[in-house]
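Remarks on the structure that follows.
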Amino acid sequence: MGSYRVAVVGAAGYAGEDLVRLLSRHPGVTLWLLTSRMHRGKRAEEVISGLPDAAGELVFEEPEISRLCQADLIFLALPHGTAAEYAVPLREAGKIVIDLSADFRLRNPRRYEVDYGWSHPAPMLLSKAVYALPELRRQRIRQADLLAMPGCYPTSILLALYPALAAGWLREEGIVACSLSGTSGAGRRPEVPLLFSEMSENARPYGVPRHRHMAEMEQEIDLLAGRKVDLTFVPHLIPLARGILSTIVCSLGVDIRPEDARAHYLSSYRDEAFVRVLPLGDLPAIRHVVRTNRAEIALECDVARRRLFLFCAIDNLGKGAAGQAVQAMNIRLGLPEEEGLLW
Amino acid sequence: MGSYRVAVVGAAGYAGEDLVRLLSRHPGVTLWLLTSRMHRGKRAEEVISGLPDAAGELVFEEPEISRLCQADLIFLALPHGTAAEYAVPLREAGKIVIDLSADFRLRNPRRYEVDYGWSHPAPMLLSKAVYALPELRRQRIRQADLLAMPGCYPTSILLALYPALAAGWLREEGIVACSLSGTSGAGRRPEVPLLFSEMSENARPYGVPRHRHMAEMEQEIDLLAGRKVDLTFVPHLIPLARGILSTIVCSLGVDIRPEDARAHYLSSYRDEAFVRVLPLGDLPAIRHVVRTNRAEIALECDVARRRLFLFCAIDNLGKGAAGQAVQAMNIRLGLPEEEGLLW
Amino acid sequence: MGSYRVAVVGAAGYAGEDLVRLLSRHPGVTLWLLTSRMHRGKRAEEVISGLPDAAGELVFEEPEISRLCQADLIFLALPHGTAAEYAVPLREAGKIVIDLSADFRLRNPRRYEVDYGWSHPAPMLLSKAVYALPELRRQRIRQADLLAMPGCYPTSILLALYPALAAGWLREEGIVACSLSGTSGAGRRPEVPLLFSEMSENARPYGVPRHRHMAEMEQEIDLLAGRKVDLTFVPHLIPLARGILSTIVCSLGVDIRPEDARAHYLSSYRDEAFVRVLPLGDLPAIRHVVRTNRAEIALECDVARRRLFLFCAIDNLGKGAAGQAVQAMNIRLGLPEEEGLLW
Amino acid sequence: MGSYRVAVVGAAGYAGEDLVRLLSRHPGVTLWLLTSRMHRGKRAEEVISGLPDAAGELVFEEPEISRLCQADLIFLALPHGTAAEYAVPLREAGKIVIDLSADFRLRNPRRYEVDYGWSHPAPMLLSKAVYALPELRRQRIRQADLLAMPGCYPTSILLALYPALAAGWLREEGIVACSLSGTSGAGRRPEVPLLFSEMSENARPYGVPRHRHMAEMEQEIDLLAGRKVDLTFVPHLIPLARGILSTIVCSLGVDIRPEDARAHYLSSYRDEAFVRVLPLGDLPAIRHVVRTNRAEIALECDVARRRLFLFCAIDNLGKGAAGQAVQAMNIRLGLPEEEGLLW
C-alpha cells in the first residue's frame, strides 16, 4: 500500500466509482476514506463491483471535513456548486484537492455565474486553481494544491485542437465541434430520458446554443491561440454507456499537407503516454479507448478547400474524468505518471 | 372515425402510449379522452410521438369518473391496486372496462393479497371479470364487460403451453419457464437500475423465488391441465427496450414425435391471426415480433429423454399489453379482430 | 388489393424488406413480384417477418426483365452500379422505375465517376431521371418515369436546409453537417466492423474528407441556393440499427430571430404530412421517427454570433429509403400521398 | 518482463485478443510470439487496441511449429478441430500447451465425434489432457502439460453446480440450465445474424435440443455427482457483446434452508480469489463481471417445493476464456494465481 492517504468524496457516482476502482489498486497511494450520503454505512463492495478486498471493506461515511483531513489528498466527485463547499476548508487545512466538478475551471467568476446560474461560491480560490489537463499543464500541476480537472467534452476537444492552435494554422472563424457522448456523462441520475427504454435505438442533440462546457473551452482555446477564437459546439447523447467522440471541423489559414499535419501532431504528443495519434486514413473508435486513460486522435485534410478535420475519442469516465484525475494526482505526487491506470 | 368512443386512463406510460398509437388509427373507434396526472393540460403530441393530427390534439386530463363516463369503453393502464378504484364506478355506470393491470386477473382474492401485499380492493367484481387471453377465451370475451388483460410473461407462457396442456402430454412435475424481458416491462419509472448506463451490456435475473405473475400463470395452467401443475418461473431483464422471449422446458408423459407435436400446435392455432407456429428447426427471435401483436411459437423435442422445449416471442407492449388489449376490444365490440393492429 | 402491380428487385436487403412490408399492406397496389438472388425459391415469409398471408406466400425469383415487365412499376433496391442494368431495359419497356440506388441521382455523369469510381453505366438516362425528394419535387415526380430516390443522409440534410437556402439567409461559406447513422445504413453486409460485438458501446466517424453522398448534396444545395455553396459533411456510425440524426451549423448572412426563423420553417412545410417542425426549445430524437416516414426538424439560433443550428431526424430505412420511395410512388400514381405508410 | 516466453496462436480472435491484452502486462511472462493468418505481417497495435508499446510492436506471424517452439508455453485460441494440429507437435517438442478450443475437453473421443461431427484428430492425447477448471482441478493443473480450458457456458454452469453436486443435495432428474450469452461467444465471424442491425433489440434461443457444450457438462457433472445426472441446457443469444449469465433450476432431494445452502457455498469457495458468492437476496448481473476473471454466484431456495435456483455471471471472454486461461497458466507455472488478471 502506498504512502499517501487519499479520500474520495462522492464515491458512488460514476466518476467516483471509477476513482475508487483505480485508487484501490494503485501501488503509490492508500485508499483511506470514501464518502457517499446515499450509501452511508454500507461497505464499498456492496455498491461498487470489482474491488480488491481491502477497498471493498471500507465503509461509506458522511463527508465531514475533520475526517477528510486525515487524508493527504482528497478527490471531490461532487455536483457543480457543491464541490467548493469542501474545497475551501480542505485547502485551509493544507490538503491537496483534486476537484472533478466545474467549480474551479474558470478564472473569471462572472463566466461561471453566466453558465451555471449562481454566484461563484469561492472566487478567491480561482486564482490558486490550475486547469489540470496534464498534456498542457504538467509543470503547473506539479506545484498546485487545487487541481480543477477539465470536463469530458473539453478534454477531447482541447487535446484534438492544441497542436493546430499552437502552430497557428487556424483561421479566426469557424471551429465547429460536434461531440457524441454516452449516457454516463449525465451522471447516475434517475431521470426518464436516461432510461434504457428511452435511449435504446435513440440519439439526440442537446445543449444548444450554449452548453455549460463552452466557457472552459473558450477560455483554454483563446489562451492556446493567443487571441479570441470562435467556437461552435453541439453535444449529442447516443446509446452507449461510456465514451465520447468529438469531431471538429476547422478552416485552415495556411496550406498544409496531411502528412505534415500529422507529423506535427506526432511530435506534439511524442512524450505523452496517454495520447495516440493515429496513422493517416485511420479514424478513432470509442471501443478502443473505453476503460482506458487514453485519447485517440486522428486528422484529415481537405487541402483544396483548406479544411482540417480533427477527431478525438476518449472514455468520458476515464481520460474524461477518473483516469485523468489519477494521472494528475500521479504528477502532483511525483509518482510515475502511468501508475495505477489499469481498470 | 369509428362509432365507439374510447378513453385511455394512464395514457403516458409505455402501455398507455401504445394504446393511444393504435386506437388513434383504429377505424372502428374514436379516441375520445386521454388522462395522465403528470401531463395534465399538455397536448398528446407533445408527449407521444407519431400520432395522427386529431389524436395529437387531444389534451391530457385528470382522470375523473364523470368525464370517463362519456366514453363507451375505457382502457385502464394504471398501476396494480389503482385500477380497481376506477373499475368499480365505471362498471356501476355500465361502461365496458379493459384493465391492463393485475387487479382482476385472479379469481381468488387471497392469492392477490399474497402476491401483491394488500387486500383486494374490489373482490366482488372478480367473478365478473374474464381473464382475457383472446386465443383461450374468445367466447367469454364477447360477453364480458370487465376484461382483465393477462400479464406479458403469462401471455407468452400460456400461449406456448396451451396446446401441450390441452393434449395432456405433460408430466405433473417440472415445467421450468425462463423468460427474458426488455426494460419497458418495468414501466416508465425513473430508477437507477433501469438507466441506460446500468443496463447497456448487462443482464440480470430477478423475481425469484416467486414473481407476482406466478399466481395468474398457476391459475390458468391448472385450469387448462385440469389438475395442479408445478411451475417454476425465472424472469430476466436483458438490454433491450421491448420484447419478451420465454423458453419452457417440460417433461413429457407420452412419446411424441416432433412432427406430430408441431402438427398439433398448428392445428390448435389454425384460425388464429396473431399466433405463428414456426417450422421445425426454426426458433423465434424478438425482432420478428417487435411492434406487432403477434406471438411466434416454436417447439423442439428431445425424444430419447422425453423433454419438450417450447419457445414464445412477443412484444411485451404489443401482444403482451396494448396490442392484445385492442384485440380484446375488437372481439368485445364485434369488430374484425385484426383491425387497427398496425403500429 | 390495388390495381397497380408492383415489383421489388433486391427485396431481401434492409430497404427492400421494408418496401415489401409497406407495399404488402398498401391498399392501392398489388405486390406482384419479389426478386432476391440469394433467397431464390424461398417464400417471402421465410425471410421477412411480419407479412400478411398473401405477400408472405410470394416466392423470391431471379430478377429477369421479362418477368419484371409484368409489373407496372418496379422498385430497384440494388447496389450502386447494378441498378442501371435493370433501369435501362425496364424504361425501354415503358415501365415506371423507382430506383433507391445512387445511379440516377446525379445529372452530371462525371461527378458519378469521381465518387463511385466507374463510368456511369447509362448516362443517356440521367436527363430523364428526377431527384425524387417529394417535398421539393412533387410536380416533377408526378410526370416522371424514372425516379431517383435521394440518399438517406441527403434527405435529412436537404429537408433541414431547404427553407433556409430558399430564403437566402446563409452566407456562402461554412455549412458544416455532422450526421449520426444506424448500422443498417451500411446494408445487410456480413462484415466484421458491423458485428454487434464490434458496434455495441462503440461509435466512429468515417467517410472523410469526401463521402459519396457529397455529390448529390452539393448538386441539390447549389440548385436551391442558386449559387455554389461550400458544404462540409462528416458521417458517423453509432450503435443503433435504424435512424439518422443530422446536425447542421450555418453562418447567417442576415439578422433573424429564432421565432421568425421557425415561422418560416413552419410555413415552408405547412402542407407536408411527413415533415414536423418542432417547437423552439425542442430538439429531435431518433426514437420519435423510427419506423415512420416522418422527418422531425428543429432549429436554434445564436443571434449574437449569427449562427443557425439545424437538426433533422429520420429513419434511414423509412423517410431515408423505403418510406420515401412509397411516398414517391403514391405521388406518381396519383394515390393519396400518405397511403400505406404504416409499418 | 517475466522469465517465461509465451506465444498466442490465433491472436486476432476475441479470446486471442484478450489473451494478448492480459499477457502483455503480465509481470511473470514475456509475450514472445503472436500468430494470425489473416493479419500476418501487421503490427499487433494495428489490430488490438490498448497494448503497451513492447507488445504493440510484435508482428503477427504465420503459425509455424518451429517458431512456436521458441516459446515455453503456447496458448491455442483456434477453432475446434484445428487446435489439435498444433497441440500434437508442440507436445512432442515438450512444450506446455493451453488450448482454448474443445479439442481436448472430452475424455471419450466418441463423444467428440458425436458432437463435433468428425473423428477426434488426436485421441491418444486425450488421456494426457486436464479439463482445466482451476477451482475444481488446481492440483492436476500444476502437473499437466496439456490444459484443455473449459467452454464458457460450462464454466458458468459447473461453478454454480459444483458445491450442490458435491454435497449430494440434488435429485437425479431435472437440472435445467438456461444461459444468456453475448455475441462475442460466436467469435469474430462476419455473419448476417451477428450484425448489430440484426441483434440490436433482439434475443433468440439456439442450440436445442443439444448444444455442443452438453458433452463436456455431462462429463463433468457426472464426475462431480458420482452418477449419471440428467441435464437440460438452453443457450440464448442476447444483445450484448460480452458476458454470460446462467440460471439453473434443480430439484432438491433433501430439505435445506437458504442460509445453510449459502454457508456451504461460501465455504466451498472460501479460498477462491475469483469466485464471489453473493449475499442471500442479491442476484448476479453481467455488468459486475465484465472485463474481469470473476464469477458471481447466487442461490435461492423455494423450500416448500424443494427447488434450488442457482445463478452465475461471468465474462465469456474473461473467466469463460482468456482470463481463465491465464489463471490456469499462473497455476501451472507456479506464479501467484491472481497475477496479471487486470484488463
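Labels A, B, C and D are assigned to the chains in the order they are written; within every chain, residues are numbered from 1.
Going forward, a residue touches a chain if its C-beta (ideal position, glycine included) is under 8 Å from a C-beta of that chain, and two chains touch if they have at least 3 such contacts.
These figures come from a predicted structure and were not determined experimentally.
Centroid analysis (C-alpha atoms only) places C farthest from chain D. Contact tally for B-C versus A-C: the pair with more C-beta pairs in contact is A-C. Each chain gets a centre from the mean of its Cα atoms; for chain A and chain B, those two points are 46 Å apart. Averaging Cα coordinates per chain places chain A and chain C 39 Å apart. Mean C-alpha positions place chain B and chain C at a centre distance of 36 Å.
Residue positions of chain A touching 2 or more other chains: 182, 198, 200-201, 239-242, 287.
Residue ranges of chain A in contact with chain D, taken from their complex: 25, 49-50, 200-201, 287-289, 291-292, 294, 342-343. Every residue of chain A that touches chain B in the complex is listed here, in rising order: 14, 182-184, 186, 188, 190-192, 194-201, 239-242.
Within the complex formed with chain C, the chain A residues making contact are 173-174, 176, 178, 180, 182, 198, 200-206, 208-210, 230, 232, 234, 236, 238-243, 245, 247, 249, 251, 283-287, 290, 300-302, 305, 307, 309, 311, 313.
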